[in-house]
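Please read the structure below before turning to the comments.
Chain lettering (A, B, C and D) follows the sequence in which the chains are written, and residue indices restart at 1 in each chain.
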Amino acid sequence: MKSMNYIKVEFPSSSVNESFARNVAGCFAAQLDPTLEELGDIKTAVSEAVTNCIVHAYPDKLGVVLMKARILPENTLEIVVKDKGVGIADINKAREPMFTTGGDERSGMGFTIMESFMDKVKVRSTAGKGTTVTMRRRIICRKQVK
Amino acid sequence: MKVFCEKKNGRMRILLSGELDHNVARGVMSSIDALIDENLPRECILDMGGLSFMDSSGIAVILRTNKHMTDVGGRTWVENCEGQALRVLDAAGIDRVVKVYSK
Amino acid sequence: MKSMNYIKVEFPSSSVNESFARNVAGCFAAQLDPTLEELGDIKTAVSEAVTNCIVHAYPDKLGVVLMKARILPENTLEIVVKDKGVGIADINKAREPMFTTGGDERSGMGFTIMESFMDKVKVRSTAGKGTTVTMRRRIICRKQVK
Amino acid sequence: MKVFCEKKNGRMRILLSGELDHNVARGVMSSIDALIDENLPRECILDMGGLSFMDSSGIAVILRTNKHMTDVGGRTWVENCEGQALRVLDAAGIDRVVKVYSK
(Lines give C-alpha, C1' and ligand atoms only; values in the text may rest on other atoms or scores of the structure.)
Protein backbone atom coordinates (compact mmCIF):
# COMPACT_ATOMS: atom_id res chain seq x y z
CA MET A 1 0.00 0.00 0.00
CA LYS A 2 1.16 3.49 -0.86
CA SER A 3 1.53 5.54 2.26
CA MET A 4 -0.21 8.89 2.20
CA ASN A 5 2.00 11.83 1.31
CA TYR A 6 2.16 15.12 3.22
CA ILE A 7 4.09 18.40 3.43
CA LYS A 8 4.60 21.05 6.09
CA VAL A 9 5.75 24.48 4.98
CA GLU A 10 6.66 27.47 7.14
CA PHE A 11 7.30 31.00 5.90
CA PRO A 12 7.05 34.59 7.13
CA SER A 13 3.94 36.66 6.39
CA SER A 14 5.40 38.78 3.60
CA SER A 15 3.27 39.50 0.57
CA VAL A 16 5.86 38.01 -1.76
CA ASN A 17 5.07 34.60 -0.25
CA GLU A 18 1.46 34.65 -1.49
CA SER A 19 2.51 33.41 -4.91
CA PHE A 20 5.10 31.09 -3.34
CA ALA A 21 2.47 29.41 -1.15
CA ARG A 22 -0.10 28.86 -3.89
CA ASN A 23 2.56 27.49 -6.22
CA VAL A 24 3.80 25.07 -3.54
CA ALA A 25 0.23 23.87 -3.04
CA GLY A 26 -0.01 23.42 -6.80
CA CYS A 27 3.26 21.44 -6.93
CA PHE A 28 2.03 19.14 -4.16
CA ALA A 29 -1.43 18.72 -5.70
CA ALA A 30 0.19 17.72 -9.02
CA GLN A 31 0.59 14.10 -7.83
CA LEU A 32 -3.21 13.74 -7.85
CA ASP A 33 -3.19 14.50 -11.59
CA PRO A 34 -5.68 17.39 -11.38
CA THR A 35 -7.07 19.24 -14.39
CA LEU A 36 -5.87 22.80 -14.96
CA GLU A 37 -9.20 23.97 -13.61
CA GLU A 38 -8.86 21.96 -10.39
CA LEU A 39 -5.31 23.21 -9.98
CA GLY A 40 -6.52 26.79 -10.45
CA ASP A 41 -9.23 26.31 -7.83
CA ILE A 42 -6.74 24.99 -5.28
CA LYS A 43 -4.23 27.77 -5.92
CA THR A 44 -6.98 30.37 -5.60
CA ALA A 45 -8.23 29.02 -2.27
CA VAL A 46 -4.66 28.88 -0.90
CA SER A 47 -4.00 32.42 -2.10
CA GLU A 48 -7.06 33.64 -0.17
CA ALA A 49 -6.18 31.80 3.05
CA VAL A 50 -2.52 32.85 3.01
CA THR A 51 -3.35 36.47 2.11
CA ASN A 52 -5.65 36.58 5.14
CA CYS A 53 -2.72 35.64 7.40
CA ILE A 54 -0.56 38.31 5.81
CA VAL A 55 -3.19 41.08 5.83
CA HIS A 56 -5.37 40.35 8.85
CA ALA A 57 -3.57 37.97 11.24
CA TYR A 58 -0.37 40.02 11.44
CA PRO A 59 -1.46 43.54 10.49
CA ASP A 60 1.61 45.47 11.64
CA LYS A 61 4.41 42.91 11.77
CA LEU A 62 5.80 39.80 10.18
CA GLY A 63 4.55 36.60 11.75
CA VAL A 64 4.86 32.93 10.90
CA VAL A 65 2.48 31.21 8.50
CA LEU A 66 2.26 27.42 8.51
CA MET A 67 0.81 25.56 5.55
CA LYS A 68 0.25 21.83 5.73
CA ALA A 69 -1.09 19.62 2.99
CA ARG A 70 -1.78 15.92 2.78
CA ILE A 71 -3.36 13.36 0.57
CA LEU A 72 -6.43 11.67 2.03
CA PRO A 73 -8.22 8.57 0.70
CA GLU A 74 -10.36 8.92 -2.44
CA ASN A 75 -7.98 11.33 -4.19
CA THR A 76 -8.73 14.06 -1.68
CA LEU A 77 -6.37 16.94 -0.93
CA GLU A 78 -6.42 18.59 2.49
CA ILE A 79 -4.76 21.95 3.02
CA VAL A 80 -4.36 23.63 6.40
CA VAL A 81 -3.28 27.26 6.70
CA LYS A 82 -2.46 28.36 10.22
CA ASP A 83 -1.30 31.56 11.88
CA LYS A 84 -0.65 32.72 15.45
CA GLY A 85 -2.02 36.17 14.80
CA VAL A 86 -4.86 38.30 16.15
CA GLY A 87 -7.60 35.73 15.59
CA ILE A 88 -11.21 36.22 14.54
CA ALA A 89 -13.78 37.30 17.15
CA ASP A 90 -16.91 36.32 15.19
CA ILE A 91 -16.25 33.62 12.62
CA ASN A 92 -19.80 33.53 11.23
CA LYS A 93 -19.68 37.26 10.55
CA ALA A 94 -16.19 36.94 8.99
CA ARG A 95 -17.44 34.28 6.58
CA GLU A 96 -20.27 36.46 5.27
CA PRO A 97 -19.77 37.68 1.70
CA MET A 98 -18.58 41.32 1.52
CA PHE A 99 -17.62 41.43 5.20
CA THR A 100 -14.14 42.83 5.61
CA THR A 101 -12.10 44.72 8.16
CA GLY A 102 -9.53 45.48 5.45
CA GLY A 103 -10.99 48.70 4.07
CA ASP A 104 -11.34 49.24 0.33
CA GLU A 105 -8.15 47.35 -0.44
CA ARG A 106 -9.99 44.11 0.36
CA SER A 107 -13.28 42.87 -1.04
CA GLY A 108 -14.52 40.69 1.83
CA MET A 109 -14.91 37.81 -0.64
CA GLY A 110 -11.96 35.65 0.53
CA PHE A 111 -13.94 33.08 2.53
CA THR A 112 -16.72 33.05 -0.07
CA ILE A 113 -14.19 32.09 -2.74
CA MET A 114 -12.55 29.43 -0.55
CA GLU A 115 -15.99 27.95 0.06
CA SER A 116 -17.00 27.87 -3.56
CA PHE A 117 -13.64 26.50 -4.81
CA MET A 118 -13.17 23.79 -2.17
CA ASP A 119 -15.53 21.03 -1.04
CA LYS A 120 -15.16 21.84 2.63
CA VAL A 121 -13.80 24.83 4.59
CA LYS A 122 -13.44 24.73 8.37
CA VAL A 123 -12.32 27.78 10.35
CA ARG A 124 -11.11 27.63 13.93
CA SER A 125 -9.92 30.75 15.68
CA THR A 126 -9.22 32.15 19.11
CA ALA A 127 -8.98 35.90 19.55
CA GLY A 128 -5.38 36.82 20.33
CA LYS A 129 -4.14 33.29 19.64
CA GLY A 130 -4.54 32.72 15.93
CA THR A 131 -6.56 31.11 13.19
CA THR A 132 -6.55 27.74 11.43
CA VAL A 133 -8.32 27.23 8.11
CA THR A 134 -8.73 23.62 6.95
CA MET A 135 -9.86 22.99 3.38
CA ARG A 136 -10.57 19.82 1.46
CA ARG A 137 -11.02 19.15 -2.21
CA ARG A 138 -11.57 15.86 -3.94
CA ILE A 139 -9.79 15.58 -7.28
CA ILE A 140 -11.71 13.69 -9.94
CA CYS A 141 -9.87 10.51 -10.98
CA ARG A 142 -9.39 10.62 -14.73
CA LYS A 143 -8.52 7.67 -16.90
CA GLN A 144 -4.80 7.98 -17.39
CA VAL A 145 -3.82 7.94 -21.03
CA LYS A 146 -0.10 7.26 -20.76
CA MET B 1 2.14 42.15 -13.16
CA LYS B 2 1.78 44.81 -15.83
CA VAL B 3 -0.75 47.60 -16.43
CA PHE B 4 -1.11 49.04 -19.94
CA CYS B 5 -3.51 51.71 -21.11
CA GLU B 6 -5.14 52.53 -24.47
CA LYS B 7 -7.20 55.70 -24.96
CA LYS B 8 -9.67 56.56 -27.71
CA ASN B 9 -12.60 59.04 -27.79
CA GLY B 10 -13.14 59.27 -24.03
CA ARG B 11 -12.88 55.53 -23.61
CA MET B 12 -9.95 54.11 -21.67
CA ARG B 13 -8.98 50.43 -21.88
CA ILE B 14 -6.78 49.17 -19.06
CA LEU B 15 -5.00 45.94 -19.95
CA LEU B 16 -3.92 43.86 -16.97
CA SER B 17 -1.44 41.06 -17.49
CA GLY B 18 0.31 38.60 -15.17
CA GLU B 19 -0.79 37.47 -11.70
CA LEU B 20 -3.12 39.81 -9.82
CA ASP B 21 -2.91 39.09 -6.08
CA HIS B 22 -2.70 41.14 -2.88
CA ASN B 23 1.04 41.56 -3.29
CA VAL B 24 0.60 43.66 -6.44
CA ALA B 25 -2.99 44.95 -5.96
CA ARG B 26 -2.04 48.20 -4.23
CA GLY B 27 0.30 49.12 -7.08
CA VAL B 28 -2.34 48.26 -9.67
CA MET B 29 -4.93 50.35 -7.83
CA SER B 30 -2.75 53.42 -7.70
CA SER B 31 -1.80 53.05 -11.38
CA ILE B 32 -5.49 52.92 -12.30
CA ASP B 33 -6.36 55.81 -9.97
CA ALA B 34 -3.67 57.93 -11.61
CA LEU B 35 -4.84 57.01 -15.12
CA ILE B 36 -8.44 57.95 -14.32
CA ASP B 37 -7.47 61.25 -12.70
CA GLU B 38 -5.25 62.11 -15.64
CA ASN B 39 -7.64 61.21 -18.44
CA LEU B 40 -11.07 61.57 -16.85
CA PRO B 41 -12.54 59.02 -19.30
CA ARG B 42 -16.26 58.52 -19.77
CA GLU B 43 -15.79 54.78 -19.98
CA CYS B 44 -13.13 52.63 -18.36
CA ILE B 45 -12.74 49.04 -19.51
CA LEU B 46 -10.77 46.62 -17.36
CA ASP B 47 -9.38 44.16 -19.89
CA MET B 48 -8.45 40.99 -17.98
CA GLY B 49 -7.51 38.88 -21.01
CA GLY B 50 -3.86 38.84 -20.00
CA LEU B 51 -4.28 37.59 -16.44
CA SER B 52 -2.77 34.18 -15.69
CA PHE B 53 -4.04 34.28 -12.09
CA MET B 54 -6.36 36.44 -10.02
CA ASP B 55 -7.76 36.11 -6.51
CA SER B 56 -10.23 38.27 -4.55
CA SER B 57 -7.70 41.12 -4.63
CA GLY B 58 -8.83 41.54 -8.24
CA ILE B 59 -12.39 42.06 -7.04
CA ALA B 60 -11.22 44.89 -4.80
CA VAL B 61 -9.47 46.43 -7.83
CA ILE B 62 -12.68 46.24 -9.88
CA LEU B 63 -14.88 47.67 -7.13
CA ARG B 64 -12.50 50.50 -6.44
CA THR B 65 -12.16 51.37 -10.12
CA ASN B 66 -15.96 51.31 -10.42
CA LYS B 67 -16.31 53.67 -7.47
CA HIS B 68 -13.71 56.06 -8.81
CA MET B 69 -15.36 56.08 -12.26
CA THR B 70 -18.78 56.71 -10.70
CA ASP B 71 -17.25 59.63 -8.77
CA VAL B 72 -16.08 61.24 -12.01
CA GLY B 73 -19.41 60.54 -13.73
CA GLY B 74 -18.29 57.60 -15.88
CA ARG B 75 -18.89 53.88 -16.29
CA THR B 76 -16.77 50.73 -15.85
CA TRP B 77 -16.98 47.15 -17.06
CA VAL B 78 -14.75 44.11 -17.37
CA GLU B 79 -13.83 42.48 -20.69
CA ASN B 80 -12.05 39.34 -21.95
CA CYS B 81 -12.12 37.61 -18.59
CA GLU B 82 -11.68 33.82 -18.84
CA GLY B 83 -10.58 30.67 -17.04
CA GLN B 84 -9.54 30.92 -13.41
CA ALA B 85 -10.09 34.70 -13.18
CA LEU B 86 -13.61 34.34 -14.57
CA ARG B 87 -14.42 31.63 -12.04
CA VAL B 88 -13.34 34.00 -9.26
CA LEU B 89 -15.63 36.76 -10.55
CA ASP B 90 -18.50 34.29 -10.95
CA ALA B 91 -18.04 32.92 -7.43
CA ALA B 92 -18.12 36.45 -6.05
CA GLY B 93 -21.19 37.40 -8.10
CA ILE B 94 -19.53 40.67 -9.08
CA ASP B 95 -21.80 40.85 -12.12
CA ARG B 96 -24.49 42.38 -9.91
CA VAL B 97 -22.32 45.49 -9.51
CA VAL B 98 -20.05 45.64 -12.55
CA LYS B 99 -20.78 44.00 -15.92
CA VAL B 100 -18.39 41.22 -16.89
CA TYR B 101 -17.92 40.18 -20.52
CA SER B 102 -15.99 36.97 -21.00
CA LYS B 103 -13.91 36.05 -24.02
CA MET C 1 14.92 47.59 5.11
CA LYS C 2 13.46 44.46 3.63
CA SER C 3 13.77 41.56 6.01
CA MET C 4 15.31 38.43 4.57
CA ASN C 5 12.86 35.80 3.45
CA TYR C 6 13.02 32.10 4.37
CA ILE C 7 11.07 28.84 4.10
CA LYS C 8 11.10 25.54 5.97
CA VAL C 9 9.61 22.51 4.24
CA GLU C 10 9.15 19.02 5.65
CA PHE C 11 8.11 15.94 3.65
CA PRO C 12 8.52 12.16 3.76
CA SER C 13 11.32 10.47 1.78
CA SER C 14 9.19 9.15 -1.07
CA SER C 15 10.54 9.39 -4.59
CA VAL C 16 7.55 11.39 -5.76
CA ASN C 17 8.77 14.27 -3.58
CA GLU C 18 11.99 14.70 -5.57
CA SER C 19 10.23 16.79 -8.19
CA PHE C 20 8.13 18.49 -5.50
CA ALA C 21 11.25 19.58 -3.59
CA ARG C 22 13.14 20.97 -6.59
CA ASN C 23 10.05 22.83 -7.77
CA VAL C 24 9.54 24.36 -4.32
CA ALA C 25 13.17 25.50 -4.32
CA GLY C 26 12.55 26.98 -7.77
CA CYS C 27 9.41 28.82 -6.60
CA PHE C 28 11.32 30.30 -3.67
CA ALA C 29 14.34 31.25 -5.78
CA ALA C 30 12.04 33.08 -8.22
CA GLN C 31 12.04 36.21 -6.01
CA LEU C 32 15.76 36.68 -6.81
CA ASP C 33 14.85 36.99 -10.51
CA PRO C 34 17.21 34.23 -11.68
CA THR C 35 17.81 33.33 -15.31
CA LEU C 36 16.40 30.05 -16.57
CA GLU C 37 19.93 28.65 -16.38
CA GLU C 38 20.40 29.67 -12.74
CA LEU C 39 16.98 28.24 -11.89
CA GLY C 40 17.94 24.97 -13.60
CA ASP C 41 21.19 24.79 -11.64
CA ILE C 42 19.40 25.28 -8.31
CA LYS C 43 16.73 22.70 -9.11
CA THR C 44 19.38 20.21 -10.17
CA ALA C 45 21.42 20.61 -6.97
CA VAL C 46 18.27 20.26 -4.83
CA SER C 47 17.23 17.18 -6.79
CA GLU C 48 20.60 15.57 -6.01
CA ALA C 49 20.56 16.42 -2.32
CA VAL C 50 16.96 15.30 -1.80
CA THR C 51 17.43 12.10 -3.83
CA ASN C 52 20.36 11.24 -1.56
CA CYS C 53 18.07 11.40 1.49
CA ILE C 54 15.51 9.21 -0.25
CA VAL C 55 17.99 6.63 -1.59
CA HIS C 56 20.83 6.58 0.93
CA ALA C 57 19.71 8.12 4.21
CA TYR C 58 16.58 6.00 4.55
CA PRO C 59 17.29 2.91 2.45
CA ASP C 60 14.51 0.64 3.71
CA LYS C 61 11.91 2.96 5.18
CA LEU C 62 10.28 6.35 4.88
CA GLY C 63 11.96 9.04 6.93
CA VAL C 64 11.57 12.77 7.24
CA VAL C 65 13.39 15.18 4.92
CA LEU C 66 13.72 18.83 5.92
CA MET C 67 14.52 21.49 3.35
CA LYS C 68 15.22 25.03 4.43
CA ALA C 69 15.98 27.95 2.17
CA ARG C 70 16.72 31.59 2.85
CA ILE C 71 17.84 34.73 1.12
CA LEU C 72 21.21 36.04 2.25
CA PRO C 73 22.76 39.42 1.46
CA GLU C 74 24.10 40.03 -2.05
CA ASN C 75 21.32 38.14 -3.81
CA THR C 76 22.51 34.83 -2.39
CA LEU C 77 20.30 31.80 -1.95
CA GLU C 78 21.08 29.26 0.77
CA ILE C 79 19.47 25.83 0.71
CA VAL C 80 19.81 23.27 3.49
CA VAL C 81 18.71 19.66 3.01
CA LYS C 82 18.67 17.60 6.18
CA ASP C 83 17.85 14.03 7.11
CA LYS C 84 17.98 11.89 10.26
CA GLY C 85 19.07 8.80 8.39
CA VAL C 86 22.08 6.49 8.42
CA GLY C 87 24.70 9.22 7.99
CA ILE C 88 27.96 9.16 6.03
CA ALA C 89 31.01 7.47 7.56
CA ASP C 90 33.65 9.07 5.29
CA ILE C 91 32.49 12.36 3.81
CA ASN C 92 35.62 12.95 1.72
CA LYS C 93 35.24 9.57 0.06
CA ALA C 94 31.50 10.17 -0.49
CA ARG C 95 32.25 13.45 -2.29
CA GLU C 96 34.63 11.80 -4.77
CA PRO C 97 33.27 11.59 -8.33
CA MET C 98 31.94 8.12 -9.21
CA PHE C 99 31.88 6.94 -5.60
CA THR C 100 28.54 5.38 -4.81
CA THR C 101 27.08 2.78 -2.48
CA GLY C 102 23.94 2.74 -4.62
CA GLY C 103 24.93 0.06 -7.15
CA ASP C 104 24.40 0.61 -10.85
CA GLU C 105 21.18 2.52 -10.33
CA ARG C 106 23.23 5.47 -9.12
CA SER C 107 26.18 7.16 -10.81
CA GLY C 108 28.12 8.51 -7.84
CA MET C 109 28.00 11.97 -9.41
CA GLY C 110 25.48 13.62 -7.07
CA PHE C 111 27.93 15.59 -4.94
CA THR C 112 30.04 16.44 -7.99
CA ILE C 113 27.00 18.01 -9.63
CA MET C 114 25.99 19.89 -6.48
CA GLU C 115 29.53 21.27 -6.28
CA SER C 116 29.70 22.37 -9.87
CA PHE C 117 26.20 23.93 -9.89
CA MET C 118 26.41 25.77 -6.57
CA ASP C 119 29.07 28.20 -5.29
CA LYS C 120 29.49 26.39 -1.98
CA VAL C 121 28.53 22.94 -0.69
CA LYS C 122 29.06 21.97 2.95
CA VAL C 123 28.32 18.45 4.20
CA ARG C 124 27.99 17.56 7.87
CA SER C 125 27.14 14.04 8.90
CA THR C 126 27.19 11.71 11.87
CA ALA C 127 26.94 7.97 11.29
CA GLY C 128 23.60 6.77 12.58
CA LYS C 129 22.35 10.31 13.21
CA GLY C 130 21.89 11.90 9.84
CA THR C 131 23.28 14.28 7.25
CA THR C 132 22.97 18.00 6.54
CA VAL C 133 23.94 19.47 3.18
CA THR C 134 24.19 23.28 3.00
CA MET C 135 24.49 24.90 -0.41
CA ARG C 136 24.83 28.53 -1.48
CA ARG C 137 24.44 30.18 -4.84
CA ARG C 138 24.69 33.85 -5.66
CA ILE C 139 22.20 34.98 -8.29
CA ILE C 140 23.52 37.60 -10.68
CA CYS C 141 21.58 40.88 -10.36
CA ARG C 142 20.23 41.80 -13.77
CA LYS C 143 18.96 45.21 -14.77
CA GLN C 144 15.23 44.89 -14.43
CA VAL C 145 13.36 45.93 -17.55
CA LYS C 146 9.85 46.42 -16.22
CA MET D 1 8.45 10.70 -18.41
CA LYS D 2 8.05 8.87 -21.70
CA VAL D 3 10.29 6.44 -23.60
CA PHE D 4 9.79 6.03 -27.37
CA CYS D 5 11.77 3.87 -29.76
CA GLU D 6 12.54 4.06 -33.49
CA LYS D 7 14.35 1.21 -35.31
CA LYS D 8 16.07 1.24 -38.71
CA ASN D 9 18.79 -1.04 -40.14
CA GLY D 10 20.22 -2.27 -36.82
CA ARG D 11 20.15 1.21 -35.33
CA MET D 12 17.82 1.95 -32.43
CA ARG D 13 16.93 5.49 -31.37
CA ILE D 14 15.49 5.86 -27.88
CA LEU D 15 13.65 9.14 -27.40
CA LEU D 16 13.37 10.30 -23.79
CA SER D 17 10.92 13.04 -22.94
CA GLY D 18 9.83 14.70 -19.70
CA GLU D 19 11.75 14.87 -16.41
CA LEU D 20 14.37 12.19 -15.82
CA ASP D 21 15.06 11.84 -12.10
CA HIS D 22 15.53 8.99 -9.62
CA ASN D 23 11.77 8.56 -9.26
CA VAL D 24 11.42 7.43 -12.88
CA ALA D 25 14.97 6.17 -13.61
CA ARG D 26 14.33 2.54 -12.68
CA GLY D 27 11.38 2.36 -15.06
CA VAL D 28 13.38 4.00 -17.85
CA MET D 29 16.26 1.56 -17.30
CA SER D 30 14.07 -1.50 -17.53
CA SER D 31 12.31 -0.15 -20.65
CA ILE D 32 15.69 0.35 -22.33
CA ASP D 33 16.98 -3.05 -21.16
CA ALA D 34 13.93 -4.74 -22.65
CA LEU D 35 14.29 -2.83 -25.94
CA ILE D 36 17.95 -3.82 -26.29
CA ASP D 37 17.28 -7.49 -25.46
CA GLU D 38 14.41 -7.58 -27.92
CA ASN D 39 16.11 -5.86 -30.85
CA LEU D 40 19.82 -6.52 -30.25
CA PRO D 41 20.73 -3.35 -32.19
CA ARG D 42 24.28 -2.61 -33.37
CA GLU D 43 23.87 1.03 -32.39
CA CYS D 44 21.74 2.56 -29.65
CA ILE D 45 21.19 6.31 -29.63
CA LEU D 46 19.85 7.97 -26.50
CA ASP D 47 17.99 11.00 -27.85
CA MET D 48 17.63 13.49 -24.98
CA GLY D 49 16.09 16.32 -27.03
CA GLY D 50 12.76 15.94 -25.23
CA LEU D 51 14.03 16.19 -21.65
CA SER D 52 12.85 19.20 -19.66
CA PHE D 53 14.91 18.15 -16.62
CA MET D 54 17.59 15.59 -15.83
CA ASP D 55 19.76 14.98 -12.78
CA SER D 56 22.55 12.46 -12.12
CA SER D 57 19.99 9.66 -12.40
CA GLY D 58 20.24 10.26 -16.14
CA ILE D 59 23.96 9.54 -15.98
CA ALA D 60 23.25 6.17 -14.42
CA VAL D 61 20.80 5.49 -17.25
CA ILE D 62 23.45 6.34 -19.87
CA LEU D 63 26.18 4.28 -18.20
CA ARG D 64 23.94 1.28 -17.79
CA THR D 65 22.73 1.45 -21.40
CA ASN D 66 26.35 1.71 -22.53
CA LYS D 67 27.32 -1.36 -20.51
CA HIS D 68 24.39 -3.36 -21.83
CA MET D 69 25.20 -2.38 -25.44
CA THR D 70 28.87 -3.30 -24.95
CA ASP D 71 27.74 -6.68 -23.61
CA VAL D 72 25.77 -7.36 -26.80
CA GLY D 73 28.65 -6.10 -28.97
CA GLY D 74 27.17 -2.73 -29.94
CA ARG D 75 27.78 0.99 -29.42
CA THR D 76 25.93 3.81 -27.64
CA TRP D 77 25.96 7.58 -27.83
CA VAL D 78 23.80 10.54 -26.74
CA GLU D 79 22.19 12.97 -29.17
CA ASN D 80 20.26 16.28 -29.06
CA CYS D 81 21.17 17.02 -25.48
CA GLU D 82 20.79 20.70 -24.56
CA GLY D 83 20.27 23.21 -21.76
CA GLN D 84 20.07 21.93 -18.21
CA ALA D 85 20.53 18.24 -19.15
CA LEU D 86 23.66 19.08 -21.17
CA ARG D 87 25.11 21.03 -18.24
CA VAL D 88 24.62 17.96 -16.04
CA LEU D 89 26.47 15.73 -18.54
CA ASP D 90 29.24 18.31 -18.89
CA ALA D 91 29.66 18.65 -15.13
CA ALA D 92 29.95 14.87 -14.83
CA GLY D 93 32.44 14.62 -17.71
CA ILE D 94 30.48 11.69 -19.15
CA ASP D 95 31.98 12.45 -22.58
CA ARG D 96 35.05 10.43 -21.56
CA VAL D 97 32.92 7.27 -21.53
CA VAL D 98 30.01 7.91 -23.89
CA LYS D 99 30.01 10.45 -26.74
CA VAL D 100 27.55 13.31 -26.35
CA TYR D 101 26.28 15.29 -29.34
CA SER D 102 24.39 18.43 -28.45
CA LYS D 103 21.70 20.08 -30.52
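Here is the rule we use: a residue touches a chain if its C-beta (ideal position, glycine included) is under 8 Å from a C-beta of that chain, and two chains touch if they have at least 3 such contacts.
This structure is a prediction, so every number in the text was calculated from the model and none was measured.
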Which neighbours do chain A and chain B have in common?
-> none
Averaged over CA atoms, how far is the centre of chain C from the centre of chain D? Could you give it in whole Å?
-> 25
Distance between the CA centroids of chain B and chain C (whole Å) is 42
Distance between the centres, which are taken as Cα means, of chain C and chain A, whole angstrom | 27
Contacts with two or more other chains occur in chain A at residues 16, 19
Could you list which residues of chain D touch at least two other chains?
-> none
Work through the pairs of chains, note which ones touch, and then classify the graph as line, ring, star, complete or other.
-> line
Every touching pair of chains is listed here as A-B, A-C, C-D
Report the residues of chain C in contact with chain A in the complex, numbered from low to high.
-> 3, 5-12, 14, 16-17, 19-20, 23-24, 27-28, 30-31, 62
Chain A partner, complex, touching residues on chain B are 19, 21-23, 25-26, 29, 53, 55-57, 59-60, 63-64, 67, 83-84, 87-88, 91-93
Mind listing the chain C positions that touch chain D in their complex?
-> 15-16, 18-19, 22, 37, 40-41, 43-44, 47-48, 51, 54-55, 97, 104-107, 109-110, 112-113, 116-117
